[in-house]
Amino acid sequence: MTVPALTVAELVALIAPGSLVAVPPDYSGPSLAATRALIAAGTTGLRLLAVPTSGMQADLLIGAGVVDEVEAAAVLLGEHGGAPRFTAAVVAGAIRMRDTTCPAVHAALQAAEKGLPFIPLRGLIGSDVLRFRPDWQVIDNPFAVGGGAAAGAASADPIVLLPAIRPDVALFHAPRADRDGNVWIGRRRELVTMAHAASATLVTVEEIVDGSLLADEATAAGVLPALYVTAVAVAPGGAWPLGLPGHSEPDNAEQARYARAARSDDGFRAYLAELLADAAGAADAAGAADAGR
Amino acid sequence: MAAARTALLVTALADRLRGLSCVAVGATSPLPAAAALLARARAEAVGDRLQTIVLGSRQHNPFTDGGRELFDCAAQGRIDAFFLSGGQIDGAGNVNLVGTGDYPALTHRFPGSFGSAYLAFLVPSVILYREEHSRRVLVPRVDFVSAPGTSAPGTYRPGGPTALVTGRCAFAFDRARGRFTLTSLHPGETLESVREHTGFDFQLPEGEGRAGTAAIPTTPAPTTADLWLLRERIAGEVAETYPRFAALIAAV
Amino acid sequence: MTVPALTVAELVALIAPGSLVAVPPDYSGPSLAATRALIAAGTTGLRLLAVPTSGMQADLLIGAGVVDEVEAAAVLLGEHGGAPRFTAAVVAGAIRMRDTTCPAVHAALQAAEKGLPFIPLRGLIGSDVLRFRPDWQVIDNPFAVGGGAAAGAASADPIVLLPAIRPDVALFHAPRADRDGNVWIGRRRELVTMAHAASATLVTVEEIVDGSLLADEATAAGVLPALYVTAVAVAPGGAWPLGLPGHSEPDNAEQARYARAARSDDGFRAYLAELLADAAGAADAAGAADAGR
Amino acid sequence: MAAARTALLVTALADRLRGLSCVAVGATSPLPAAAALLARARAEAVGDRLQTIVLGSRQHNPFTDGGRELFDCAAQGRIDAFFLSGGQIDGAGNVNLVGTGDYPALTHRFPGSFGSAYLAFLVPSVILYREEHSRRVLVPRVDFVSAPGTSAPGTYRPGGPTALVTGRCAFAFDRARGRFTLTSLHPGETLESVREHTGFDFQLPEGEGRAGTAAIPTTPAPTTADLWLLRERIAGEVAETYPRFAALIAAV
């Protein structure tokens, strides 16, 4: 394999403390397997970038103390309501929160993808999202026709400039990779942008398949090329209890169970202990299976 | 939320999509999703077409360019309407999806602004909705402006709020004045009951005295055709994305 | 069909004189069928945007007098050398040429796609490409750390800003559309950006298939949704003599024949007359087939 | 171009890719494509890996994000080397792909700048090549700067030209001085013959007197292993994209 195939523990060991880690929203394949492994490894000090929102993954990482800072347009457990550990950590001041808006995350990653130092974005003017982002700038649109003054306006078409966001790591779960390290992502193209923008891309997958995913033109359009993939780890069910587009449905009962448990710190600790014990068992099983590869 | 009340809110939201070409509904938004699909079914019944994009749906989401496509599509001017809810909404049409308290020292945290700080500027008709109509939600001034109701002159803003539908009534948003106008009362509500539970001042329809309530229209009840569509068609269409909500719709 | 299915002649009739028409490069499915129809219709005054280069399509349109202005990073007949009618028209001053560079076309279309008035781009500083583009601006990067002066430099990190390009029409050929108007484009994602950026998108296709192209998640990633498609026309072999990715190979002999013929204006006229006669015959045949739809 | 000359140019270009991780080759560039694939085969033979991206190829192009991906990829710093040819190239490393004459009033038009005005800034090693080595091509000053050889201090420019390979010799580009240095003469060429056909002044290797030519290295001939790879492997690999050129390679 061109791209190394690691265990999940080896994969997350590549994430240095302090790294800016980009993760997809709940509907786009967050790697819960890697999330568990990060917690089990005792990693701390990560900065999490939700692209552009996150749910149970962020809540677990925050509750477990893995994360110092979160940039997100929203953190919530989907239909299961607010993210309890996120909410508690923000109110307690335990994490730094960088509030943003969905298109700003996408645009700032596209800026990094294109090697641009910044990218403009419409909207935002007059919002407190902008007011509390000292890293964002407002300029007068240099291409405004006639300028605002000519139109009798108070200012000449102000527009926000966002600095590019270049994550250290893009981390997600996908249905499959091939032995070259190409990864199938289907329509989830935010994963492509994340990987292009990031310095390293770490992927857990349901399986590694024979043959190149790029060989068939009918399906090649949904592939992230190995060029952007740093390492892959096989983790069947690695999105659980979230769903994986084109592969598995969300486990709503388990998510509801988490949402209830995480309302209190004690409940969260108990859930986490159980989750890590299960994960350790699963990892042992995977390790045994791996020995045969 | 009882089935009858759900049906009323869905139809009240759907009423605000008449004559449009394309509506998009964000994730975790069952009420607007049902409203958009009802409006589409109504349009089809008269030979019109309403493109309905429901994020989180497989069946009703044609996007193939990832998470940014909704926002790019809105900026291209292809989306006529979008729905936004709010943890707080004030009388100037400002929406707060971030939290209460003195940001960043919040006393209560909401999930976050999502795309509101952008879509509220770019989509021509942003329909605000919130089932809970109380002074806790409808406040004099939001603690955090995720999306402002209006903007200073010279600000690029082809869009903005046009309406607010709550569990008690419907407002139109007067963009020039930056204020809401009460347009209809849900059955059982009065001007006084709405005032009692609303933390901001609002306008009355043209020609209405401030004293009288008799002439303020009642929010139209769902028609027999609407109820049939909700039960027989929309319940099935939303079931893919919102199975629990679909059961409620099926019971209207 | 949600999106109208027209004849090719009806399709090109939607292109108003003076329109800015975006077309893909030779390897990405230019609609030669629409090109012939535009010439046959006597359309004039078009402005052509090559995304980011063009070949026989541009040369035919220029030679036939359909085009007043060309914006392109290059115009050439691939392995068959320079584009003779383009070259002659530029030297004669018969068309306005807006020289650009490939990534500038892509970026300016992405700006339009995102509703941005402008987008920055690296490179270009000190080139004559920039010098002859008065519509481009250079600013000091407002996010430069310390600024150029602190680094002892002559200026503070100059960077080019490109105005967004919003084509009136995106025009291309694709292997297939479905009855909803979804169009299969595979990996040719410049077609997606073109369509997103353009006010109208007109597509000729090899065939219209039953069933939704979006139904199968394995292939949905390669689909341009009907939302962006204004109209479709069936034109089998509509890319000929160029190839169509995933469908047909280029006809190199025919391209070589064109390259030879177009060296002189007379040769070009003769080639064109023959081409339009053939196209008229093909259109008659297609019309007869169409009657059965 | 005879097979032996082709093999020499391909190997001379491939020599400039040693130790790199990723090289990209633009469309309509058979010589660089063969060089990149040869460099990859050489790397593999010693257990290294050179990612080789050949635009226009199905087999050797992994991109799935459309025409912009090459440029985005270069801006991300993932591409170590790229090849550029020029209608004119001058002694300051400026490349002209647009035309001769007083732009926009050109007397002769070339196809256009392609991505040169961008890639020449961003790709660390831009390898210039042109089979024709004449005063028509290698001029004192290009008529149009598609891509400048060097930039003013303060200009963001991680990349730039590193070499120029022609039908007569190979130069290195001295970025600090903005000048070429003659590094090797192809068999049959002398310093004098190169000077005679070069429109710009260039430097000699360190320690070389301006008079002598004896000590200027000869461009290394393809090794037996190179020739075997070209015939047995590279010809097949380029055949998909450049069938006519592949026939030439197969005959080396």
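Note that the chains take the letters A, B, C and D in the order they are written out, and that residue 1 is the start of every chain.
Convention: contacts are C-beta pairs under 8 Å (C-beta built on N, C-alpha and C of every residue); 3 or more make two chains touch, one makes a residue touch a chain.
Because the structure is predicted, anything quoted here is derived from the model rather than measured.
With centres defined by CA atoms alone, the chain at the far end from subunit C is B. Between B-C and C-D, more C-beta contact pairs join the chains of C-D.
Inter-chain centre distance (subunit B to subunit C, centres taken as mean C-alpha positions): 40 Å. The geometric centre of subunit A is 29 Å away from that of subunit B, both derived from CA atoms.
Centre-to-centre separation of subunit A and subunit C, using mean CA positions: 35 Å.
Shared interface positions of subunit B, defined as residues touching 2 or more other chains, are 63-65, 68, 71-72, 75, 122.
In subunit A, the residues that touch at least two other chains are 107, 110, 114-116, 121-122, 141, 157, 159, 187, 189, 192, 220-222. Considering their complex, residues 22, 49, 51, 53, 62-65, 68, 71-78, 122 of subunit B touch subunit C. By the touch criterion stated above, subunit B contacts subunit A in their complex at residues 27-28, 56, 63-68, 71-72, 75, 97-99, 103-122, 144-148, 151-156, 242, 244. Contact residues of subunit C toward subunit B in the complex are 2, 112-116, 182, 192, 196-197, 214, 220-228.
Interface residues of subunit A facing subunit C in the complex, by the touch rule stated above, are 107, 110, 114-122, 137, 139, 141-144, 157, 159, 161, 163, 185-187, 189, 217-222, 245-246. Put simply, subunit C touches subunit D in their complex at residues 25, 27-28, 51-53, 72-76, 78-79, 82-83, 86-87, 90-91, 93, 97, 99-104, 106-107, 110, 121-132, 141, 148, 151-159, 187-193.
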